[in-house]
């Protein structure tokens, strides 16, 4: 009998859970999302007691917003059951008071929470989440300017040998002896790409050397804007060598902005013109090996330089000399030996030393369970947040 | 003077503003606007590419430059695809079909033209095979490059050679049958390979930042066609 | 010794012919080599497999051009087949102009195998939209404002599949197939800013670039190259071009390894007999 009563009572309780609206959420908390451009508020709450999964019937929550505590409230976000947080990023104005309520829903009804608020989506003047980046940037700029200043005062700065760049003179000389042209491919990217700019810097030096040796340089271009810059740079190079009449603008030309069509065209130039030296300097993608291997089949000496990490192995396998990654950016300083450029190269190296040092110390300290070094980097953020 | 100074000033101001918006949230709208403008400029750059292509090849035809006959092919293909694109996009053939009697000579001509000028069909049956063929040259060239260049001349070259052989084995079913190869391959790719790439990427990042700063400050001016 | 000298100076065209035979022969006489599924592929498979049918759609972005079709199209087809077989709705789009035809072709190819599913309700093709990162951001704000019509010109408001899709909250997972760094843009905006799960399928040469994102959890899973596609085909039980291609890839890799070994044997065996100039190597001061 007692068992029967218990069973009936339990069944009644269960059916009641499905008949009445779910219990509302509690402890609705509102917070302006930090370090954004305004326009986001985080709403959190304690789950409805009926949101236990299984036999309970909560299906989700609606987050509703109004600019007045009396409403009207509009739904700005819906989240599934089990969620205790949501972010409102819908058309929020800064410095306007907003009020929220969280409405729990089931198949038959809904129950709103008490109204929470007011809260404002504020626009901080500084993104504290990027404070460490700013500090690192300031340190880097300081190092660069310090070494540039020292270089300008006449201090000699050492740069290690870059075989690929040292070989440029030899490569141009070889082309002159053989009476063959030099092929220079400035990559297949746009002028906005830093690798292309670095390539144009090297082209400037190459053009001057080529003009001095009375050799022809062929420069096929992937991008029409890069072509106009390349034409200007090569013309300046011939002018600087005192041979403006030797410059032929038809040797610096636009091919196509289609990757493999460009490769096919350049391969055709290599097979027909048989340049003695091929220079592949700039941003390259999958076509790098096709270019390099076709060049190798013609017997040309090849110098490559790219910051595309995935293509470096192909150039190393197929070319005689390869400039890896940032060696490409060092090229203009290396070739010109201008104090300003050498100084910036030194600053770059010192920043790398700082980063390597931080990584090494961090790894060793964490290995031994010492977290103070890592926590040190969060100190500026903590100071400003307080 | 103006030709030199104005571009440098624009570069400096734009650089400082974009750097600042990264740290100052109220200026984020500048980044959004810059993206919009970049989108417009890249669309215009497509036109510049088209105009440059036509200009280069018509100049070659006028000058009767070496291999100028191929320029006829290029210009013909360009016009053909433009016409095919417009005809397909605006459903011209659907309208022509409606105006023809079924089974008539006109219907036959329209059907033939529709097949010949179907943009999607040309793309699937011409463009894709051509580009895929060019990409497939890599398979042949990697074999010849590996045969020619992977010699154990130095310690580093030997290391490269052994790692390459293990990874080549570990990435195919035949090699994965050898016990331990797959695990070593995964380790090589996950650990030393990723570490080296990260190192190069850090260097490249710093180099990019340095080059960008030099451009902003006007130290690097070769991209404007000026001497340093 | 003559043979070794011949090997050293072998015409590269002989290598090309050997590679061609190594690739073609297994395609004619399949070896049916067993495919071993890796963890990175399994993670993406599990992320899609756990999705309930007819729930939030999967967003697939086909961001590659025809040159990488042999490598990336099989994985696109495999993932689409997986979604279609589970009746998980799929929205297909592309950020590349040359990807538009490929995206449409992939979707139509798989849709033909599932005649019970209908366009507009179970799958939709949104076409190419210029703007790249702006489009990805736009989806996070308002999907239908970003795509007012689909790739065939039908207004988005008329497509049932898009009825409940306002932004990334209404998308279960986003999978990007690309041969460029497009997946990084999806991670940067769709995942970091809007919290959408992102998976990627990339070419083999780029796969290791994506490992840091996989390790940090920013990518749900990763398909790398033809082998990744073959592993996914095995998981869904529908072997396709990638599985067939793995036989050819296996033999080609073995051939390259044999050629490298032979080349080294020839090099060292003939070193004493060769002229000094032939043994000199170019200095690679800046590289390995």
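Letters A, B and C mark the chains in the order given here, with residues in each chain numbered from 1 onward.
FYI, a residue touches a chain if its C-beta (ideal position, glycine included) is under 8 Å from a C-beta of that chain, and two chains touch if they have at least 3 such contacts.
Owing to the predicted nature of the structure, the values given are computational and were not obtained by experimental measurement.
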item	value
Reaching chain C from chain B through chains that touch each other, fewest steps	1
Pair joined by the larger number of C-beta contacts - A-B, A-C	A-B
Chain A and chain B, separation of their C-alpha mean positions in angstrom	18
Rounded Å distance between chain A and chain C, as computed from the means of their C-alpha atoms	22
Set of chain C residues in contact with two or more other chains	12, 65, 67-68, 209, 288
Multi-partner residues of chain B (each touching 2 or more other chains)	130-131, 134-135, 142, 144, 146, 148, 150, 197
Residues of chain A engaged with two or more neighbouring chains	260, 286, 309, 312, 324
Chain B-facing residues of chain C, complex	10, 12, 15-16, 18-20, 23, 33-36, 38, 65-70, 98, 101-102, 104-105, 130-134, 204, 207-209, 211-212, 225, 227, 246-247, 249-257, 259-260, 263-264, 267-268, 281, 288
Residue ranges of chain C in contact with chain A within the complex	12, 65, 67-68, 169, 179-180, 203, 205-206, 209, 282-288
Partner chain C, residues of chain B touching it in the complex	35-36, 39, 42-43, 120, 123-124, 127-128, 130-132, 134-136, 139-140, 142-144, 146-148, 150-153, 156-157, 159-161, 164-165, 168-169, 171-177, 182, 186, 189-190, 193-194, 197-198
Residue ranges of chain A in contact with chain C within the complex	77-78, 161-164, 166-167, 259-260, 285-286, 297, 309-310, 312, 316, 320-324, 327
Chain A residues within the chain B interface of the complex	35-38, 123-127, 130, 133-134, 137, 140-141, 144, 148, 190-191, 194, 197-198, 200-201, 204, 223-225, 227, 229, 232-233, 235-236, 240, 250, 253-254, 256-257, 260, 263-264, 286-287, 289-290, 292-294, 296, 307, 309, 312, 314, 317-318, 324-326, 328-330, 332, 336, 338, 340-341, 344-345, 347-348, 351-352, 355
